[in-house]
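Multiple structures follow.
The same subunit A turns up in both complexes below, where it pairs with subunit B and then with subunit C.
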Partner chain A sequence: MEKLVLTHLQKIYTQNKKTVIHDFNLSVRDGEFIVFVGPSGCGKSTLLRMIAGLEDITSGELFLNGKKANRLPAKDRNLSVVFQNYALFPHLSVFENIAFGLRIRHYPKQKVNEAVYNAAEMLGLQRLLHEKPKQLSGGQRQRVALGRAIVRQADLFLMDEPLSNLDAKLRTQMREEILNLHQKLETTTIYVTHDQVEAMTMATRIVVLKDGRIQQIGTPKQIYTAPANTFVATFIGMPQMNVFHAAGSDSARWDDFIPLSLKKSDSYTQGRVLLGIRPENILVAADGLPVTVNYAELMGADTYVHGEIAGTDKQIVIRCEPDRDFCSGETVYVRFPEDKCHFFDAESGKRLTIEAAAYEA
Partner chain B sequence: MANRRLITKAVLYLILILLAFMMVLPLIWMFLSSFKTGSEIFAQPPVWIPETFQWKNYLNAFNLAPFGIYLANSLITATAITVIQIMLSSMIAYGLTQLEFKGKAFLFQSMLLTYMLPAAVTYVPSYVILAKLGLLDSLTGIVVSNISSVFSIFLLRQSFLKVPKEIVEAARSEGANDWQILWKVMCPMSLSTIFTLAMITFVEMYNNYLWPSLIVKSQSKYLITVGLNQFFTTQGTFQNQWAMIMAVNVISVAPLLLLFFIFQKWFIKGVGDSGLKG
Partner chain C sequence: MRHRMQGFGSFALFIGVPVIPLIVFWFIPMFVSLWLSFTDWDYISPEIHYVQLDNYVTVLKSPDFLGALWNTFFFAFWTTVPTLIIGFLLALLLRVQIKGRPLFKALIFSPWVTPMVAMSIVWSWIYEPKIGLLNQFLGWLQLPQPEWLQSSTFAMWAVIIVTVWKSVGWCMIFYCDALGKISDEFIDVCKLEGATIWQCIRKLYLPLVSPITLFLAVTLIISAMQAYDQIQVMTQGGPAGSTRTLLYLYYQMAFQQFNMGQATAVAIILVIITAVISLIQFRLSKYWVHY
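Our next item is the complex of A and B:
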């Protein structure tokens, strides 16, 4: 069943007439974990706030559980929001913070106690129930915010960058906890982040946004292996995908410096096509395309080699096994496996389904 | 260097102690004088500690005028005004900070504008309104004519503005309506300002003299301030009356001092929080 349907959603701020969300369409099925990802200012938080009822919808329709909810007040939407800065009530204890939504709905005392203790147990907060938020660490505060969200059995969880205030280690830990919670509760979740690692590891489906427009909707694997355009290709993946523009004008060919050629049957000429390849797909070989190494970063599990294609100013990043050392100025030879290459239209940036073959072949 | 700092500090403390003493001296004089005889009060050189404590001054004062009623009237009206004023001001401050409506800025500016008017300008129209409502010479009239305060609205608005937007949004998405957000989130989070405001309002209303003296005529409705003045004018200020005047003064000041000692912590915090000078 569709839990949330957004059709032609648009948001224009009346003050500056700026459109921040353009024609947004999405259907979310029950139990899905949807991640909105995109750079700062892409409209992902605005979208979340529109779903939450905290921001007006300029045009388009929003359906919650099959019912139109454009004008439904936030308090009546039965959804829980977890905010980036936790938004805990500082004057209330952890217990009362978690119980807030239940108390507002006048649940019987026994039911409140039961629900809060269950949530606290699930999140390991039993010992902190009588503390005030200011006495808690960042991770504990975020757990309380999660507790407040799960205790009410809301229809939808909305999470607005909930982990961005935590340090790297805690973030990984909380990521796991959120995923475990999702598996246990199976509540439909919409999660906003600018962190692609969170998007890739948590999502059932990812929605990539840029300037208020959907760039691609897909599973993490689809997004990674078949990015819809150059923006998605370069935004998802660390280090980002290498994208090579043609050497010059329309007639110029990137096979001048990359030994790959489009198949004759394809209508595109190479000057109009961008070639993308992920750093981990580039093979370091005994011969092939010469690359001058600028510097190498040992990341532990692998090494990122930054260099440029010899005789050009084209920058390239290669992800290699960590056991080989690279020196600055050294020349290495690389090959691009044809099946790992991505092609994009040079003008629109859109993905092209065309094939290439090794130049020599 | 350390010595010099110590001396500066010592001088500073000496000045502060002196100033504090000067402030508190009249209060101490009043308190001690309430136990003196009339001649002890005016004795030269001054007598600080009375030879025998004249406890009967208090009894005599209460016999001369119904100060108990005056005191009760003052406490009742000041408490009622404080409670109602803060409730109403909170609601207006909530509307001004959390609700979106046309003319909001204009409304707030108009309120501020009325604050610029000298209080005396409003006496005649307020008197006429109270007369038409049939509330002259009544405690209700005193309460009703004081329940709105631009200062309260302004102070609470500033305090509500400091409540983070996310907290309000969190309450809203947890299912709270505006009424619940106001009383369960905004007010508890502005508690120190509310305490400060309550103190200021209570003291102001308790000490209010001119306006109540205009609208109250019967003795049973007198506030302590009006009653005290009446006591002066009817009993005269002869030497032997002063001890009783001092006794009445001590009684009338006592609730305020008590209030300050109880809420001292909140008051200081509130003054600090609101960015106002103490």
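Our next item is the complex of A and C:
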């Protein structure tokens, strides 16, 4: 069943008349974990706030459980929000913070206690119930914020960069906890982040945004293996995908030292193309495209080799096994496996479905 | 050794210099007053007698003192509480982004920067029973028109209104700042849960501005205890002592009746009461102030 459907959603802030969200379409099925990912300022929070009912919808429609809900007050949408800065009331204990919504809604005392203890148990907060937020660590505060979200048994969770204030290790741990929680409760969740690792690891589907426009919607695997355009291609993946200019077959030019044999295809007949290849897909071989090594970063499990294609200023990053040493100035030869190459229209950046041959010397 | 002397030198300089005026203008007068309160000095006679606690006993028994004590509490309560409430509500209103907000703020704040004496003079014209602005207005609304400053029932209220009017803007500025610091996320949480305005005020705004409330309450009470200008200009403690506060009683005893001993006793009692009230406020603040 469709939990949430957004059609042609648009947002213009009245203060500055700026269109922040353009024609946003999405439908979310029950139980999905949707991640909105995109660079800062692309409108992720704005979208989330429109779904929550904290921000007016300029145009377009929002359906909750099949009913149009553009003007439904936030409190009647049966959703809960986890904010980036936790929004825990400093003057209330952990217990009262979790119970806040229930108290506002005048739940009977017995029910409040029960619900809060259940939530606390699920999050391992039993022993902290009487502390004030100030006395808690970042991770504990985050858990209290989650507690406040789950206690009311809302049927949609909205989370706005809930982990961005935590350190790397805690972030990994909380990521897991949120996923566990999602598995246990199976509540539809929309999760906003600018961290691609969170997006890749948590989402059932990712929505990639840029400047208020959807770039691509898909499972993490789809996004990674078949990025819809150069933005998605370079945004997801660490280190970024290498993107080079190549020439179309009609012009029969070999551009920028990336020789390609481009077969004719319907979607692409002329003009320039971009070739994309992920660092981990590049093969270091005995012969092929010559690359001058600038420096190598040993990351532990693998090495990132930064260099440029010999004789040009085209930067390239190669990710390879850590057992080989690279020294600066050295020349290595690389090959691009054909099935790992991505092609994009140089003008629009859109993905092209053309086949290409790898470099052959 | 030289080092230590230097340390002492700068200590003496930075601590000692500010302490000198404190000693000259505050500690010494304080102790002299304390001493005077145990004597029967009358300003004129050359000899002074030590009278033990006589002044205090006389003062504490006198109906003038008890009346003034009551007036002081009455005045302090009815200036502090309305000032806090109105200041807070104005600040709350000003959260709404309206066009002339800065102007409105400046307007409400302006009484605070006007000298109390000047304001009191203007207000005594406003309070004028026949042609004064206030009674004109009340008459236009078909309401009773009391003789504000000439009636012992209304004079106190008249003085209170002026005092509240003066400090409300000051209070509002503090609350505006405190409310402005409340994160929007908190307000979003309230919206999401469907909290009413009253619930928001009670559960969010009031607790979060409580440190400011404590500060304002202490300051306002102390300044109410020390109110003098407005009383002097508008009522001189009258009619029939209805606006005579402890400080004004002190002034009358000391500089009209030249009864320095009893006057200083009143002053000392006033200082003690002020100190005790402040202390109680800080003690109680544990239970309602959230930092």
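Throughout what follows, the second predicted complex is superposed on the first by the 337 of 361 C-alpha atoms of A that agree within 3 Å, B and C clash if a C-alpha of one lies under 4 Å from a C-alpha of the other, contacts with A are read in each partner's own complex, and residues count from 1 in each chain.
Criterion: a residue touches a chain if its C-beta (ideal position, glycine included) is under 8 Å from a C-beta of that chain, and two chains touch if they have at least 3 such contacts.
Source: prediction; values computed, not measured.
Superposition note: with subunit A as the common reference, subunit B and subunit C are in steric clash.
When the shared chain is aligned, subunit B and subunit C each come close enough to touch A:75. When the shared chain is aligned, no partner comes close enough to touch A:320: not subunit B, not subunit C.
Of the two partner chains placed by the overlay, neither subunit B nor subunit C lies in contact with A:341.
Of the two partner chains, both subunit B and subunit C are touched by A:87.
Between subunit B and subunit C, the partner in contact with more residues of subunit A is B. Residue overlap on subunit A between its contacts with subunit B in one complex and with subunit C in the other: 49, 52-54, 73-76, 79-81, 83-85, 87, 89-91, 100-101, 104-105.
On the subunit C side of its complex with subunit A, the touching residues are 183, 185-186, 188-195, 199, 203-204, 207-208, 210, 290-291. If you check the complex, the residues on subunit A that touch subunit B are 49, 52-54, 73-81, 83-85, 87-92, 100-101, 104-105, 148, 152, 158. Considering their complex, residues 164, 166-167, 169-177, 180, 184-185, 188-189, 191 of subunit B touch subunit A.
Listing the residues of subunit A that touch subunit C in their complex gives 49, 52-54, 73-76, 79-81, 83-85, 87, 89-91, 100-101, 103-105.
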